[in-house]
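What follows is chain A paired twice: with chain B in the first complex and chain C in the second.
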Partner chain A sequence: MAFTNSSVPFFRHDRPAEVIADGKRLDGRDNEEFRTLFLNCGTISQASGSSYVELGSTKVMVGVYGPRQSDRWMKYSEQGSLDCDVRLATFATRQRGRPIQTQLEKELSAQLETALSASVLLHTFPKAVLDVQCLVLEAGGSVLAAVIAAATLALADASIELRDLVSAASVSRVQGIQLLDPTAEEEYREEAGLVLSFMPCLNQITSLTSHGVWSKDELRDAVELAMGACEEIDAALRDQLVQNASQRRDPPVLDEDDNENA
Partner chain B sequence: MVVSLEGDAFARLYPREYYAKFVSQGMRPDGRVLTQERPISIVRDVVAGADSSALVKLGRATALAGIKLEVASPEDERPGEGSIIVQVELPPMCSASSRPGLVSPRAARLTEELGGLAESGALCDLAQLTHPGGRSVWVAYCDVYVLDADGSLSDVCLLATLAALQALRLPALEPEGAGGAAVPAPHDTPEGPAAPRALRLEPPLTPLTCGIFGGALVVDPTAEEEALMDALVCLRVNGDGQLAGVSKLGGSGLGREHLATAHMAAMRRHLALQGP
Partner chain C sequence: MGVAAVEQPPCLGKCVVPGEPIASLPETGTVRVGGGVQQAGRSLIAVKAGVVQQGPGDSLWVCNRQKRYIPNLNDAVVGDVVFCRVEEAARDLDPVLTCMDTAGKAAGFGPLKGGTLFQVSTSHARTLASGPPFLAALGRSLKFELAVGANGRVWVDAPGPANLALVARLARQAEELDAAGAVAAVKEALASGLR
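So, the complex of A and B:
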C-alpha cells in the first residue's frame, strides 16, 4: 500500500541572502576563476563512449550510443542526426524533481543539441542517429556548461568524428559584477547571465544564449571571459583524452578496482 | 594477434558456445571462478544536495541512491508511521536497451521489489519517521539511479538503498505550541544546534543474484552473462543468515543443491559486508 498523502519539501538551510560578501564570492573564488574540474571517460560499460564530469559540486554523466538506424517515422536524411536527452536526477536540485520530463530538461536537451551538432561531422553517418544520453546527478550551478563538456568528451570517447571539441562556460552578473562559472546560489541571485559554447581551435562559437539585460560593453566582456574559460576547459578535455588513449594502448597489468578490494 | 582476433570473432558469433567452453573448465571469461562474486565498493554521501546518498559498485554495475526528505500529514490508516518511497530508474544512459520516454518493465519490477520491502518495514521501523506532536511525518523519497547496468541490478539497487538509509540523518524537530505542527529546532540554543538523528535500521538484508547455465550455477553474473543464462535466481539473506526472500522467474529448473550453493555464496557476501 503506497503512501498517498501529498508532501511538501523540507529545506535544511535557507538560501544565502547575499552571494557576494565584502567583494568576495562565498566559496572564496576569484570572480574570473572556475571551480575544480574533474574528468573521466569510459565510465559506462555498454556505451560506445561515455564520460563523467564534475565542475565543483555539479556532477554529470553521459553515455553515447550508436550510431543506430533512425526511427521509421523520421524522414530520409543524407545527414545523420543527434538525439540528445538530458535528465536531472530527482535529488539533483534543491527541491526534489519529478521523475517525468520537465520543461527545464527539454530546454537543456535542445540547447545541448544546438551546441554539439555544429561540431559533429553528421554526413559521415547518413540515415543514422547518435543517442547522447545525459544524467545530471547534482545540479550545483552551470549545469549546461558541464553537460556540454561531458557530452563532447563522450562523443570523442566514442570515436565520433568531430570538427573540434566544444567547450562551454557560463557567466552570471550579480550586483553588477561578472562571475565566471556561477554556483546554484549565484545563479539564483543573478541579474543577467549567459552560456557560451565555443570551439577554441576553430575559434567559432556554436551557441550563445543570454538572459537578462546586458549593455554592449558588458556583453563583450562576458563573452571574452567565457571564451577564455572555454580554452582552459578545452585543454583539460584534450589532456583527458590523451591520457585515456594511452591507457587503452598500454593497459595497466592489474585492474585497479581488483586491487582495492582484494 | 591472429589468435586473439579469432577468439573475438568466435565470442561474437557464438557467444553461448564461447561461454560454455569457459564454464566446462570452471572459469568465466572475466577470470572469475563460477562461485566468485565481483568486488563491492560502497561510498556514502556523494551528492551534497540530497539528504543522504550512496554510490554502490558491484564490479562495473553501478547504482546511485539519493534520499530527499519531505513533510506530509500522516495517513488515516497508519497515523503513527512515516514512509520510505523507493523508486528505481534505469535512465537511457545506463544501457544500450533503455530508450528515453519509456518506463522499462525492468525498472518497474525493481521498483516494485524494493518499494515493497521499504513499505513493509523490512528495512526499518517506519514509526521512527513521525514528528514530535504526531501531526506530521517524514516521507523519505529514495530514488535509485542505475548508472551502469552491468548485471545483478537487483543486488546493486538494494545495497545502494540500504547504504543511503544508513547515512540518513533526520533533522531535529520540536513540537510547536499551539498548532501542533512540528518546526525545525532552533540552531542557536545555548547547547548548540540539536543533533540530527540516525534511523535505527533492521539488520541489513544481503542480496545475491545467481544464474543457471547448462546445469551450472554462476554467481553474480554481468549483463553479458545474464543474457546467456537459462534462468536467474535472486536471494536475500537476513541478519541471521537465513533466507529472507527468493525470486526465480521462469527459465530452467533450479536444483536443491544449487539453492544450497547460492545460499552459501550469499552468506559469504553477508559476512564480508557485515564483517569486522
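So, the complex of A and C:
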C-alpha cells in the first residue's frame, strides 16, 4: 500500500532554491573562504596509518594498509602499486546509497589514485601493494578534496615516503560567481566545477578535474583560487603531522591538593 | 674534508614533514643520507614525517613511529623464537640472518625459550635497546631477561606469570611516557606489592 498522505515530506528539508542571496552564501562565508577543517591522525589502530578529516559537514576516514605482498597473479614490477578504494557510507548522502560500489565511487577512487601517485615514492616498495581505503561518512560537498587531504595525512602517518604532501580544493561556479569549497547544496546548483590537487613545496599540480563550461579566464581564476586554498590546507596538514610526530605524554604535574596543573 | 662535512647541522631534532627541505648540500665533501631523506637537486628533503636525527657515520635520517621494519645491516632482531643479527639486507632480496656476531661468537644470539613476545614501534624498540633508566630501576628489585629487536619485537622472560606480565606491561607503557614518568610508573608498580 503506497503512502498517500501528501503532508508527509519525502525529504526532511528541501534543497534551497537560491544558494547565493544578495551576493552572500547561505552559511555566511566569503566566496573565497573554506569551511572549518578538523584533522586527526592515527584514528584506526590496526592500520599502518590512518586519518579522519572533517571539512565543514563532509566527514572522511582513511586507513592505509601495507605495503604488503601483492596477489600472485600480478607480474613482477620494479615499482610498488597504489590501490585506492573510496566508499560512500549508505547514510552519507541525502538519499540512502547502495551497498555495492557505484560509478561515482569508482570515479572518486580513480581520481584519488591520480592525485596521490605523483607524490608516493613507489620504487621504495617494489612488488608490494599499498591499500588506501577511504570511507566517506557524510558527503556534504567537496568530497574529493577532503578525501585527497585525508589520504595524504594517512600516508604520512603510515610513514610511506612521499615527495610532498598533496592537498586539494574544489571550486564551483554558481551564477557566474566562483565559490571555494562548495557545500552539497552549492554543488547541486553549480554551472561548472573543478577540483585541483596540488603539492605546494614542489609547486606542482598533481591532478585537475573539471566539469562544465569554463572560459580561459574563468579557469585561470578558479585554478589560482584553488591553489591558494591548497597552500592553507597544506599548512594545516603540516601542523597536524608535526604535532603527531613530536607528541609525548608527560605525567600530569600534581600540586599538594592532588589537582592537576597544566 | 670527507664525511664530516655536515657537522652538527642545525636541523637536528627538528620535526619535519614530507616535502620539507632539511639541509642544502655543501660545496665540497660528502653527506651520508639515511632513511626518510632524499636528494632533490642541491638540497636534501624529507620524505617522511618525523624528527631529524644523526645516525651512525654522520648520516641524516628521519626518525618516526613506524610499525613496518626495514632491514638494516648489523641490526639485532628478534624472530619468532630466535634472536639474531641481520647480515645481508638488499631491497629486492630476503634479508640474511645469522646467530653469530661479527667475530663468529654466539654473544647472546640464538633461540629464546619461554617468556613472552610482543611488538612495539621501531622507535620505541630503539629506546629500549639503549638501556633506559626505568629498566635499571626495575632490575634492582626484579629479576628478568629482555631481548629487544630492531624490528620492533621484544621478548621478555621473568620468574612467575605475574612478574612477567608486569615487566611486559611496563616496557610497553614506557613508550607513552618520558624517562622520569617511566621510572615513576615502575616505582608505583613495585610499591603496590609483588611477590
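In the analysis below, the second predicted complex is superposed on the first by the 237 of 262 C-alpha atoms of A that agree within 3 Å, B and C clash if a C-alpha of one lies under 4 Å from a C-alpha of the other, contacts with A are read in each partner's own complex, and residues count from 1 in each chain.
Assume contacts are C-beta pairs under 8 Å (C-beta built on N, C-alpha and C of every residue); 3 or more make two chains touch, one makes a residue touch a chain.
What you see is a predicted model, and the numbers here were worked out from it, not measured in a lab.
Engineer: Touch check for A:128: first (chain B), second (chain C), both, or neither?
Structural biologist: In the superposition, A:128 touches no partner, neither chain B nor chain C.
Engineer: On the A-aligned overlay, A:246 touches which partner chain: chain B = first, chain C = second, or both, or neither?
Structural biologist: In the superposition, A:246 touches chain C alone.
Engineer: In the superposed arrangement, does A:219 touch chain B (first), chain C (second), both or neither?
Structural biologist: Neither partner.
Engineer: Give one of first, second, both or neither to describe whether A:157 is in contact with chain B, with chain C, with both, or with none.
Structural biologist: Second partner only, chain C.
Engineer: Applying the document's definition of touch, where does A:20 land relative to chain B and chain C: first, second, both, or neither?
Structural biologist: After superposing on A, A:20 lies clear of both chain B and chain C.
Engineer: Does chain B (first) or chain C (second) touch A:236, or do both, or does neither?
Structural biologist: In the superposition, A:236 contacts neither chain B nor chain C.
Engineer: Applying the document's definition of touch, where does A:205 land relative to chain B and chain C: first, second, both, or neither?
Structural biologist: neither
Engineer: Would you tell me the residues on chain A in contact with chain B in one complex that are also in contact with chain C in the other?
Structural biologist: On chain A, no residue contacts both chain B in one structure and chain C in the other.
Engineer: What residues of chain A sit close enough to touch chain C in their complex?
Structural biologist: Touch residues, chain A against chain C: 48, 67, 119, 121, 126, 156-157, 159-165, 199-202, 237-238, 241-242, 244-246, 248-251.
Engineer: Provide the residue numbers of chain B that touch chain A in the complex, in ascending order.
Structural biologist: Of all residues in chain B, those touching chain A are 39-41, 47-51, 53, 57, 59-60, 64, 66-75, 77, 83, 85, 87, 89, 91-96, 99-101, 115, 119, 138-139, 141, 143, 145, 147-150, 171, 223.
Engineer: Mind pulling up the chain C residues that touch chain A in the complex?
Structural biologist: Interface residues on the chain C side: 15-21, 36, 38, 45, 47-51, 64-68, 91-92, 176-178, 180-181, 184-185.
Engineer: Considering only the defined contacts, which chain A positions touch chain B in the complex?
Structural biologist: Interface residues on chain A, with respect to chain B: 1-10, 12, 43-47, 50, 57, 59, 61-63, 65, 85, 87, 89-94, 96, 99, 101, 131, 133-135, 137-140, 257-258, 260-262.
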